[in-house]
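In the part that follows, the structures are each spelled out as structure tokens.
Both of the next two complexes hold subunit A, though its partner changes from subunit B to subunit C.
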Partner chain A sequence: MAPPRPIDGTLLKQGAEAHVYKSTFLLPTVPCLIKVRPTKPYRHATLDMRLTKHRCVSEARLLNRCRSMGVLCPAVYFVDEKRGEIIMEWIEGPSVRDFLHSHLDGASDPDKEQNSIDVQLDSLMEAIGQTIGKLHDIDIIHGDLTTSNIMLKRRGNSGSMPEAQQTGPALAITEESFSDFDVVLIDFGLGQVSNSDEDKAVDLYVLERAFLSTHPRATRLFNIILDSYKRNCLGSAVVLRRLQEVRLRGRKKSMIG
Partner chain B sequence: MPTTLSLPHLPSSYRLHIALFTSVTNAAHLHSQLLAKNPEYEYAFIEPSILVSKLQPISACFRAIHDLLDPDVGLRTPNVHSETVFSLSPTHNITDSYRRFGISPSSTSVLAIKILDTTLPSYSESNTLERLASIVEGTEVDFDTSEIRQLADLSKVKKYYKLKDMGYVDQLYRKKGRAVVEKSEEEVWHDLEVAVLGAMALRSLV
Partner chain C sequence: MTIAIGLEGSANKLGVGIIRHTPSKPAEVLSNIRHTFVSPPGEGFLPKDTAIHHRSWVVKLVKQALKESGVTVAQVDCICYTKGPGMGAPLQSVAVAARTLALLWDKPLVGVNHCVGHIEMGREITGADNPVVLYVSGGNTQVIAYADQRYRIFGEALDIAIGNCLDRFARTLNISNDPAPGYNIEQMAKKGKHLIDIPYTVKGMDCSFSGILGFIDAYAGEMLSGVEKRDPDTGEPITPEDLCFSLQETAFAMLVEITERAMAHVGSTQVLIVGGVGCNERLQEMMGIMAGDRGGSVYATDERFCIDNGIMIAHAGLLAFQTGFTTPIDESTCTQRFRTDEVFVKWRD
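Up next is the complex of A and B:
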């Protein structure tokens, strides 16, 4: 196992699996995120190395596949699988979790028109459903879809102009203030490639649980996501049928037999 | 003027000198000197038509220096400059990587990179820059992304980096008659840039 080395960057978060730093890649103008899976001293050294390497490699592959096939997620810049490091694109923006908290709790602010916020949130949920639909259409299972793992990134100036003319049935994001946000999925550490309805349904189920625990008013919002998923994802019918079953029994499939 | 920079996450003593030339007339000579392993010509000479962004060659240098300094990895080619050309490749085939990403006798433009450790006693910045400008016969242009995009040959880039799955989900939706958000030119370039960087980064994992 390669020895750990100090990372040149600001430590942002420290989870059970990885430490996350903000830094720059190659040029001072390119911000990046470094995800490091540190060694776990309580594990056998060989096992630890294999697990760290395997998880690092599979996450990097998944991110790359997802991004190049056209679903937004951080791009992979550099991988040092021996040290368990991935350098990836920096995504600037609030997580859906933070965003919902700031907006749904905005009721305490009497100046804001609750109605217009609702309309804007609806279009945002629409976009989230569409993004998850795309992800499942390229047979990627995120594995940990929570409101913290969905980010909202403000689109660059170059991207926002020509789209005004491009409105079709699948492009329901018409609300102006939200149309300049892109939905970006992060943290594919538990992800996998799979075309099974079960896995896709569990993905949605995990998101549902996360949504309902994020905010009491989120039930209605999650239904908009499901509805958008239904209309946008090509394989949605089977997955949604399977979701009904998953809801009854929970995430784990029955192990009898 | 050649661009000089040092990279974050690597020892700051390593410095890159990068210069982009167009209307190059002595590519065949440079190529033959490389084959003859003439130490005076030890540079990474890159074929600019396979580049889509400024980050791409710098990222290759990053990989090359990173592997040079990592005792567990080490170089797989004779020196850090050939390793830079090899690092542009998404595959492990060294000969192919030289042929596709390195200078060829018929090249008309070339990106020259010299990687130096400034702690070595032989290091002299002005000598390096002068030498760089003197061995390539051509017109030096700014090393920036807009110049590189003009020289890019996208069909070659897509073939070499195996990018046929790029934007797959949009193609799929179009085929099914769904409306798809059109991307701006800048977004398309950016997607291409990160797809190439990703292909280079994932090479080591194959």
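Up next is the complex of A and C:
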């Protein structure tokens, strides 16, 4: 395994498997994200290298496959599988999680205004359903479809939104401009290629759980996603039937011993 | 001050333990004895034979435990027994024994979830306050964290348990079941040095061992039938010790990975390993390295508390008893299926 190199960037997140940095790629004006899978000293060096290499390459392949099939996700700029690094496009924009919080928390808003936001939100959910439908149609399973892993990116903008983005209320996209946003999927670290209805149904189940835990009012919104998924994904009928089973089963495997 | 006697027999160990709880003091283990049903090499323990073993030893063990502890029957506050999960026939034998004692001595019964017993005993012995728990044994593989009065399962083996995988591989290699197949694999693994490529199956916080077992069984089968295997790098022959080593390195890396993911998820730096496989020092070492990297530490116990025992049943039962919980005699059944998260943990905040 190649020795780790110091990463020139800001550490954003230190997960169990990867460290995520914000940096720039080639030019100081091109923001990028660097995902590094560090060596795990607890496991055998040979096994560690095998896993890191495999996961790095497979994640990059999934991203490329999505992109070439028209599912929006970060573009892969560079892969160094020996060091376990993927350098990819920086996606500027709120996650659906943050976005829902900033829009649904304003429950005290006058009814009328809320309604117009609702209509806008509906079209956004429609777009999310469509994106996931397309993803499943090309037999890609995301593996960790949570509201944090779905981003909203301003259309026709290759990156830098004003830094005001960072402050809380600025996350709120003004209601007129909802339709200017694209749905972008990120973090395919647990993804795989599969045409199994079970895998697709579990993907939806994970998203459902994420939605319900994100916000109490999100139940209605999730139904719009499912409805849109139904219309936009070829195999949706079987997958949605399977979803019923997965819901009943939940995490309820009975155990012996 | 309360005293409980605990009876455990969900698998091939029959355990009897006596514990004393005194408010604001650590629990005292007054007695903790065990008798194990050991099957011949190449064979597992069958429910029928295991039940016979438990029935023929339970009276002896209870008598010995009482004698060792110096506790009189009058001082015992409750009889705790394993309600499940486990093998049907052995569980029944022990439940009958517990019921008999309860009627004979006129004491309340407390049915205990075996997994919760492991967790509570591990916490008590190690002093780990609110750890992520890796529960690994012959029948269970779970990553557990506590929240809102339940031990919640964050990840688990989707098919066979890690201990089952090790036990069955030991049978393939005809390794002795005395004292335990996993222990003998651990000793052999210490002499292994070549890592063979074994499937590695982790899905989020879940994992799977049946593919690994199938693979390594087939590999060992070829070796035993005379096919010579060599390490591609050094050209040296692959030995059974190398297989044990490779199996442990791969399977334990999976366990550490799912535990780390759960720790990142709930934001904890403590990890507690319980269950029979938790005795394995290599697993403890790997977990320690991971936890150390996260700025925390690993808590583990030795064979007295890791391997199934009566004291953990007494301890967890007594915790429930002190909150007013008892199991009426006509409900004192046992069950093979009893999930960790079904238990309402009234004794914790």
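Criterion: the second predicted complex is superposed on the first by the 225 of 257 C-alpha atoms of A that agree within 3 Å, B and C clash if a C-alpha of one lies under 4 Å from a C-alpha of the other, contacts with A are read in each partner's own complex, and residues count from 1 in each chain.
In the analysis below, a contact is a pair of C-beta atoms (placed from the backbone, for glycine too) under 8 Å apart; a residue touches a chain by one contact, two chains touch by 3 or more.
Note that the structure is a prediction, hence the values are computed from the model and not measured.
Chemist: Which partner does A:Thr24 reach: the first (subunit B), the second (subunit C), both, or neither?
Modeler: After superposition on chain A, A:Thr24 lies in contact with subunit B alone.
Chemist: So, A:Asp137: does it touch subunit B (first), subunit C (second), both, or neither?
Modeler: In the superposition, A:Asp137 touches subunit B alone.
Chemist: Touching A:Leu51, do we find subunit B (first), subunit C (second), both, or neither?
Modeler: second
Chemist: By residue count, is subunit A touched more by subunit B or by subunit C?
Modeler: Counting residues of subunit A touched by each partner, the higher count goes to B.
Chemist: So, does A:Glu81 touch the first partner subunit B, the second partner subunit C, both, or neither?
Modeler: After superposition on chain A, A:Glu81 lies in contact with subunit B alone.
Chemist: Once the structures are superposed on A, label A:Leu234 by its partner contacts, choosing first (subunit B), second (subunit C), both or neither.
Modeler: first
Chemist: Per the contact definition in the header, classify A:Ala60: touching subunit B only (first), subunit C only (second), both, or neither.
Modeler: In the superposition, A:Ala60 touches subunit B alone.
Chemist: Common interface residues of subunit A with subunit B and subunit C?
Modeler: none
Chemist: Can you tell me which positions in subunit C touch subunit A when the two form their complex?
Modeler: Touching subunit A: residues 10-11, 85-87, 137-140, 153, 156, 158, 161, 164, 195, 197, 200, 203-204, 249-250, 253, 256-257, 260-261, 263-265, 286-287, 289-290, 293, 336-339 of subunit C.
Chemist: Can you check the complex and tell me which residues of subunit A touch subunit C?
Modeler: 15-17, 40-44, 46-47, 50-51, 143-144, 190, 251-257
Chemist: For subunit A, which residues are in contact with subunit B within the complex?
Modeler: Residue positions touching the partner: 2, 7-8, 23-28, 30, 57, 60-61, 63-65, 67-71, 75-82, 87, 89, 134, 137-138, 156, 158-159, 161-163, 166-171, 232, 234.
Chemist: What part of subunit B is in contact with subunit A in the complex they form?
Modeler: Interface residues on subunit B, with respect to subunit A: 5, 7-9, 55, 58-59, 62-63, 66, 70, 72-73, 163, 165-170, 172-173, 176, 178-187, 191, 194-195, 197-199, 201-202, 204-205.
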